[in-house]
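Next up, some structures in structure tokens.
The same subunit A turns up in both complexes below, where it pairs with subunit B and then with subunit C.
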Partner chain A sequence: MSTSITGRSVIDELPDPEGRPPLTGDRASTGRWGDRLFGGAATSSGVLVIALVSLVGLFLVIQAVPSLLNNNVNFLTSTEWVPSGAQPRFGIAALLWATVITSVIAMAVAVPLGVAVALFITQYAPPWLSKPAAAIIDLLAAVPSIVYGFWGLNVAGQYFEPVQNFLNTYLGWIPLFKDVGTSAKSTLAFAGLILAIMILPIITAISREVFAQVPTAHKEGALALGATKWEMIRTAVLPFGKPGVISGAMLGLGRALGETLAIMILLSALNPNAAWSWSIFTGGETFASKIALNAGEFDSPQKTGAYIAAGLVLFILTFVVNAIARIVIERRKAFTE
Partner chain B sequence: MSTLTQAAVEPSTTPPVHTDLTGMSGRRAFTDRAARVVMWGAFLLACIPLVWILVSTLVKGGHMLLSGSWWSLSQNGITSRVVGGGAAHAIQGTLMQAAVTAIMSVPIGVLTAIYLVEYGRGRLAKVVSFMVDILTGVPSIVAALFIYALWVTTFGFQRVPFAVTLALTLLMIPTIVRSTEEMLKLVPNELREASYALGVPKWRTIVSIVLPTAFSGIVTGVLLGLARVMGETAPLIILGPYTKSMAHDLFNGLMATLPTMINQDRTEALQPALDRVWGAALTLILLVFVLNLLGRFLGRFSKVKN
Partner chain C sequence: MKTTRIGQLASLAVIGSLVLAGCGSDNTSGSGSSSSPVAVDCFTGTINAEGSSAQKNAIEEAIASYGKACSGAKINYNPTGSGAGIKQFTAGQVDFAGSDSALKTTAADGGQTEAAKAEAYCGAPAWNIPMVTGPIAVAYNLKGVDKLVLTPAVAADIFAGKITAWNDPAIAAVNPGVTLPSTAIKVFFRSDESGTTENFTKYLKAAAGGKWAAEPAKKWTGAGEGKEKSAGVSEGVKSTDGGVTYVEWSYAKDNKLGVAQIDNGGGAVELTGAAVGKAVAAAKQVGTGNDLALKLDYTTKEAGAYPILLVTYEIVCSKGKDATKAKSIKAFLKHFASADVQKSLEGIGYAPLPTEVETKVLAAIDALS
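Right, the complex of A and B next:
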């Protein structure tokens, strides 16, 4: 069964055929010093992982709170960002918008594409191509984020100009597609597109894993009833793989929300006095790119605290998204095993 | 026989009746074929960015890697206008930080996986497993902020390379836990039971039976984890500023790395500097790819198979 994301499997907890509990538990330990030492080391490593995650949350909260108390505007709804001075004013509304909209664009592109590629690898590819195809998509994950950003800005960005012009011209009456005169390679839309390439391998890998586990009986049953290959996929493969696709998409979303360098390089900063625009063809800053861009300015506790507060919101966002992914895949396990 | 066939071929006045036994209507057949085309198209589309990135970095940065000085010199005393120097300082920094990261995260990661597979039962194991998942999803910038809050703000230390490796360790632990866990689960229970039956204590069973069986799989996981953290740039930007010269001290001063070398000159307009950025990008991609492929290759020798 799939274990890479799900961790423990129910099978591990089942008794053996004679009804005895599995031998691999603590009962197999002899209680010798060696056992106690080794078991203790393993357990403390596990506890250390819990401690690390808790510490991350704790430290971010502790250092964000003093700055948040000094803040003169609503942290959640303000679009201002002036974290220093006697009257600091900073809010995350603009950051949240840019973070969410780039991730949504990335998901809109990467989820259908990732599922299609996973279907290709598991159902359509000739046997000799299936493994290399999977490896090629996996290599997309190996290209560093900073290279994606640099490549996007200097090589691929110019080819996005016609797409943007087209949408501006024909759909510009929708606020989302309004032309605000930003260069195509520095817009939220293009950053979202690059994010889509970066999260594609995650979505593909997890979808692939569940699609490969569809019971052959389901597939052959569908085919025996006269279904075409596509109908077999629609009625047998996709319903079975749905929870896997959802959790893969969630993990991809978590990655997209926290992606730093590519976004930081691509997005152009907004003019602080510019009017607010809902257009995806404008620049902006996400949580991660804002923090990274201003890393050199962490000089006073007040200022650092403001950026840490933004980081805390990002941590909470990704925590929630990843927890949902985990819960969805746990459910699937409960049904299929 | 032959007359029958001829009769069947004879053109008839009435239009031929559909005797297709699959009974597939034109629309269904069309949808099926369209789906096939879409899947092939999706795969080819997904290949474009990878090929495109590789080709652009090779074309723009390939010539840099061909000169010997790229691998042996630093950028010490070289300005954006001048051609020359190398990336040895950055390559060395990246490899050194990766090695230290591995030294710190492998024991924790492998022991946690051993806990989850061999010892953990009940609520604590569930919480640990959940936290590993959460740690997997922690964005690199958040990990860097945490280490900054701990190392610089709380302890009052300087930004040094070691702080970077702490942040990278945080990012690498979950990948090692997950891959090791998977490998340990593939080790057949019969091996453990045979060992217990011979009176071998549990810890020695794990150390001398389970771990060696899963060894190459674990190494694969470590290499893939390393490949991931090597390209991480966010912790470097927060905690590890760039320098042009060679550095060996993890606890003092600055240390160059390939990602920060790219970041340093990426906005330059001058050709020599841009060439170096592409060269550094290609070097980084090559390093990561080599680790990746090495990991996959070693995975083939694994004694346990999925």
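Right, the complex of A and C next:
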């Protein structure tokens, strides 16, 4: 007789001629236990993650506050970093600048590139090419970040040098492109470019998904009205995919802000006597790279607290970025439903 | 399907065994130089030690050669840093500590001094036993210049960013007969906090006659570009014409960087094991009796002594809490200090202890109980 291995259930069973009652429960229907277990597991997973993030935030605040109270300079505007000793002086201005500028450079390169790649894959490439191309782009996300760091340092860096020299020579009068003598492969600009490669797969993957969902009716409508392929993309595909591109970009930005190892290997730290420069061709340290670099020497609670306070700023920054992405996605939902 | 599975497993196994074989051969080649049969006191059991990462390669070499002679002995060394090692030692977590500096006899922030804490834990004074000397090289990369001499004053000006080109008259003055290019000097420093930075700035402060203004510290206070750890600074110099840095000797050797000779006033001295040994021998003993805490004389003008170095101590209880453990530690340290092992360290970028210091070290180890 049938047990429910094949998925057959009591309702499939015919009455037995020998008088056995036909409808015996075999637990293949929506049994109460399975329902409860699964519901419970899902709920507790959700609660666990929320609790975890809240506790991380709480931990950061608790560890950071005593150090912040001892701080002798403005934490948000100072560029000094002397977190230990009797008179600690530390501020995050330089870290914030390096973190934000590298991420901005990464976004400026990766978003247009990622969108173009996604358009190529969904609109231009023949079917035999689009699948492998997508898979190869996704593969970029699987490369460990330390590999990007070493690749940038040992291989790609030398090719960036002429670019930097060119910008230094012809656009050096703009403070942003001023030459301050940092080696080409250790500048904020180059670190930003490497970050761009690292976030490219995220932006491409999400853009690709939304571009592929553009209703055929929109596209053919545009073409029927006499639009060229580019005009069709501009009027039908891009407006439809815009929110997806934005949320993909935000996820990429989140990764760029928090990237640690590649940045730590690439960027030259500034010496404590260096004059402040707005140039993107100088070195610096991001929140994540500074914390990682000095984690081995956290010898007093005061010092640890200072670094944790910096980590807290990164936490908040990333949180804000993700919140913006959420809002964009929510708005998108409101329009489609 | 099944065959590919098996194939994958097989290839995994092959790769695994290759990796293991790789590790194995590495270890044996590392200790091969010291494999000559010496009378080694063996013990059975485990010793745990923790501390300075500067002596990591040296103590691993000693552990490997000791393990070869005594199969029943197991010694673990955890290179977490000098401060962490001392903390663990005084808390009774490890059997001895490795440290870049001797136990401090002045209190840092109120409280007990490190030495007092260690004595309280041991129930007897703790001894600093110098074991590994690690020279710090001033490594440079300058096309066409194979031999470079620096005085402490010139070095201080270079690392403080006051001299910015290699053909500066101050450098030319101490390098007669060398054609120096006009390449810009690019200083690389350790962006992480490190004992190497501390010892190098200690040297500059002491020897450069006021040219180095900042207080010696683990964090760099001079000019230049910061790179991550020793590997980062040596890579920076290697890939930059005109680059210069301070780095452990082994890194300068491995990356084939130029190593500057240092002229402390008694003539230019090339960095060799013997030259470092001379500087260690010239150090003053500040500990009493068998406590061999040394005070290095950075300003030494002795001919042929290379003055920029750090000494790593093993910190042990003079009277062990546990008799068998004390015996084990004694046996291992004796092996570590033996001439054969010390000599083998030169191949991996350390300098052997000079004979007169080694004699004292062995005497101190003998006096452990």
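Keep this in mind: the second predicted complex is superposed on the first by the 296 of 337 C-alpha atoms of A that agree within 3 Å, B and C clash if a C-alpha of one lies under 4 Å from a C-alpha of the other, contacts with A are read in each partner's own complex, and residues count from 1 in each chain.
We adopt the following convention: contacts are C-beta pairs under 8 Å (C-beta built on N, C-alpha and C of every residue); 3 or more make two chains touch, one makes a residue touch a chain.
Worth saying up front: this structure is predicted, and the values here are computed from it rather than measured.
Peer 1: Mind working out whether A:Leu257 is in touch with subunit B, subunit C, both or neither, as first, second, both or neither?
Peer 2: first
Peer 1: Could you look at A:Ser268 and tell me whether it touches subunit B, subunit C, both or neither (first, second, both, neither)?
Peer 2: A:Ser268 contacts subunit C only, not subunit B.
Peer 1: After superposition on the shared chain, which partner residues are touched by A:Glu285: those of subunit B (first), subunit C (second), both, or neither?
Peer 2: So A:Glu285 only meets subunit C here.
Peer 1: After lining up the shared chain so the two structures overlap, which partner does A:Val53 touch, if you call subunit B first and subunit C second: first, second, both or neither?
Peer 2: first
Peer 1: Can A:Glu297 be said to touch subunit B (first), subunit C (second), both, or neither?
Peer 2: A:Glu297 sits against subunit C, while subunit B stays out of touch.
Peer 1: Once the shared chain is lined up, is A:Gly181 touching subunit B (first), subunit C (second), both, or neither of them?
Peer 2: Only subunit C; A:Gly181 stays clear of subunit B.
Peer 1: Shared contact residues on subunit A, subunit B side and subunit C side combined as an intersection?
Peer 2: Residues 265 of subunit A touch both subunit B and subunit C.
Peer 1: Considering only the defined contacts, which subunit C positions touch subunit A in the complex?
Peer 2: For subunit C paired with subunit A, touching residues are 80-81, 83-84, 161, 184, 186, 189, 191-193, 218-228, 232, 235-236, 239-240.
Peer 1: Name, in rising order, each residue of subunit A that touches subunit C in their complex.
Peer 2: Residues 153, 157, 181-183, 185-186, 264-265, 268-273, 283, 285, 293-294, 296-297, 299 of subunit A touch subunit C in their complex.
Peer 1: Residues of subunit A touching subunit B in their complex?
Peer 2: The contact residues of subunit A facing subunit B are 3-5, 7-9, 12-13, 22-26, 28-30, 32, 34-35, 37-39, 41-43, 45-50, 52-53, 55-56, 59-60, 62-63, 113, 116-117, 119-121, 123-125, 133, 135-148, 150-151, 155-156, 197, 200, 204, 226, 228-231, 233, 251, 254-255, 257-261, 265, 287-288, 291-292, 295, 298, 301, 304, 307-308, 311, 314-315, 318-319, 321-323, 325-326.
Peer 1: Taking the touch rule as given, give the residues of subunit B at its contact with subunit A in the complex, in rising order.
Peer 2: So the residues of subunit B in touch with subunit A come to 22-24, 28-29, 31-32, 34-36, 38-40, 42-43, 45-47, 49-50, 52-53, 56-57, 107-108, 111-112, 114-121, 124-143, 145-146, 148-150, 152-154, 170, 173, 177-179, 181-182, 185, 189, 192-193, 196, 201-204, 206-207, 227-228, 230-234, 237-238, 259, 262-263, 266, 277, 281, 284-285, 288-289, 292, 296.
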